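Chain lettering (A, B, C and D) follows the sequence in which the chains are written, and residue indices restart at 1 in each chain.
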Amino acid sequence: MLKGDMEVMYLSANEIEQLEGVEKQHFLNPEALRINKSLGDAVGLRNLGVHQVLVPAGHYSTEYHVHYYEEECIYILSGTGVATLGDQQQRIGPGDFIGCPINGQAHDMFNDGTEPLVCLVIGQRLEQDVTDYPKLGKRLSRNSGEWTVVEHAAITTVRRKKA
Amino acid sequence: MLKGDMEVMYLSANEIEQLEGVEKQHFLNPEALRINKSLGDAVGLRNLGVHQVLVPAGHYSTEYHVHYYEEECIYILSGTGVATLGDQQQRIGPGDFIGCPINGQAHDMFNDGTEPLVCLVIGQRLEQDVTDYPKLGKRLSRNSGEWTVVEHAAITTVRRKKA
Amino acid sequence: MLKGDMEVMYLSANEIEQLEGVEKQHFLNPEALRINKSLGDAVGLRNLGVHQVLVPAGHYSTEYHVHYYEEECIYILSGTGVATLGDQQQRIGPGDFIGCPINGQAHDMFNDGTEPLVCLVIGQRLEQDVTDYPKLGKRLSRNSGEWTVVEHAAITTVRRKKA
Amino acid sequence: MLKGDMEVMYLSANEIEQLEGVEKQHFLNPEALRINKSLGDAVGLRNLGVHQVLVPAGHYSTEYHVHYYEEECIYILSGTGVATLGDQQQRIGPGDFIGCPINGQAHDMFNDGTEPLVCLVIGQRLEQDVTDYPKLGKRLSRNSGEWTVVEHAAITTVRRKKA
């Protein structure tokens, strides 16, 4: 067994079960609630975020959003719910996979069932990212650990992206 | 449903099942064999590699290796086997998680059972990486799509890493 | 000679003299004016910006600013002026060098002489940068070619940088 | 004046003159010799290398080489010599500029005059780079501070770069 070693590379299913989850409410949406276990942190990953996320019944996984830089994806482990992907609604369940290409469609998940919705959420960890929250009309900029938010209405676009 | 749309973000468990797997033999180890389904490619991810990997009974997942730059991790979906993590042997099964921090211990998995070993293998996709294969005494350098291999014995170290 | 070849790596002093400069007024400051010759572009550099910049008498080189990510430096070739570096004023002339570490002091140059102030301005070319203009109370975000500006007063800081 | 401050952003021409140069012989070529003053280090730059380089009469600036990743360029301040750019010879003197696009032509400079050849050498500082020395048939790999060298003859190319 590697337990007790300085470098832990392995977590058994049982050890993951025993990990204490961290309750996280989204800073822009009190209805978005998750119990988070960072598997990646537990084994020393730094550039990949790998989380076992439990969304309680009646809650969103996150505020509806889209990233500019950080790719993200979700693999459903158990439970059911509905994902909003752009303007589409998609029922989701165990073994389903959702990819969130950057600069694409905004997305969230809602647990409309009675059981917890449990999934692996995997994402890049970049020093810089920009995240848009279209329903709230807000933009988050993350720069080396500093998070700032502005209203979309306060943003002046000086030059457009090249196509 | 998003199927038929230009942007596919969602794959159901059934659609993943129907995806045609690609058989991949490791270029340095004919006993390392996997049937690979790139979930990430199917949904347009570019910086994260997300693969459903099936290792048939009696095969290795890959040649025993360690990366310099690309972080990697594995979540076991079904089947059993044994992971070699550095000089440790670890039995693995459904729901277990393995992280592969860079510049750490080399690793591989072997399916010593009778059922397929199926896992999610997730990794960064970087333009540059260096991979060591300690059992073979070889080093792979990947540079913007060009792969070159040298024997460890042919490498002269001019300066050591700073601690 | 390499002239006429597809790959031009060399520009003589005379060829640099003959290059047509591009007049650039700063988008936030009409008094900041430069005649710009991109030496780096002329020789096919993509990640380094290398410019011969001429600031006419009575003009600023740029709006007083500081970058979050893109390092920049200046080597004075001819002429004189005054650089503002944070809250310090510094007279500058030929052979002087100014470095602009990121997240440091804001800076600009003013040509208070009668001759043109000519310098090499060298900087990283990154896909993302954030630039603060403290005198104007504005922040520029550049993201993959899209430039957006917000007033500092419109920015809410949600989390501080780790020290 | 900023001298004495914790953050030095400014070096006068006279201060640069007074800086003590570091003599550097190329690790693969004893005839390649430079007296190096790192202007970038002196002002706290981390991602850009900016050096005032003096090549004594009768010496090469460096071993003939080409980088895979790190862009580099040279601005001649004083003295004369000859640059080898691919298979071309180019006389060089004050005010000339040389750009070294990555994966392009190999290059070096030779001071065939009687005065020192003094130039600004500017380059990216990346964590990883690969450098080929075509005349020596050697390849240097730099990975996070570790330098390793192999003979070209010892390299097996497994996959070619995509065009």
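The rule is simple: a contact is a pair of C-beta atoms (placed from the backbone, for glycine too) under 8 Å apart; a residue touches a chain by one contact, two chains touch by 3 or more.
Only a predicted model underlies this, so the values are computations on that prediction, with no experimental measurement involved.
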Query = What is the chain whose Cα centroid lies farthest from the Cα centroid of chain C?
reply = B
Distance between the centres, which are taken as Cα means, of chain D and chain B, whole angstrom = 38
Key: Distance between chain centroids, defined by C-alpha means - chain A, chain B (Å)   = 23
Request  = Check each residue of chain A and list the ones that touch at least two other chains.
outcome  = none
Ask   = What is the shape of the graph in which nodes denote protein chains and edges denote touching chain pairs (line, ring, star, complete, other)?
value = ring
Remark   = As the complex stands, chain D meets chain B at residues 27, 68-69, 128, 130, 140-141, 143-151, 154-162
Ask   = Okay, in this complex, where on chain A does chain B touch?
value = 1-2, 5, 7, 9-13, 16, 39-40, 42-48, 50, 71, 73, 75, 83, 85-86, 88, 90, 92-101, 104-105, 107, 120, 122-124
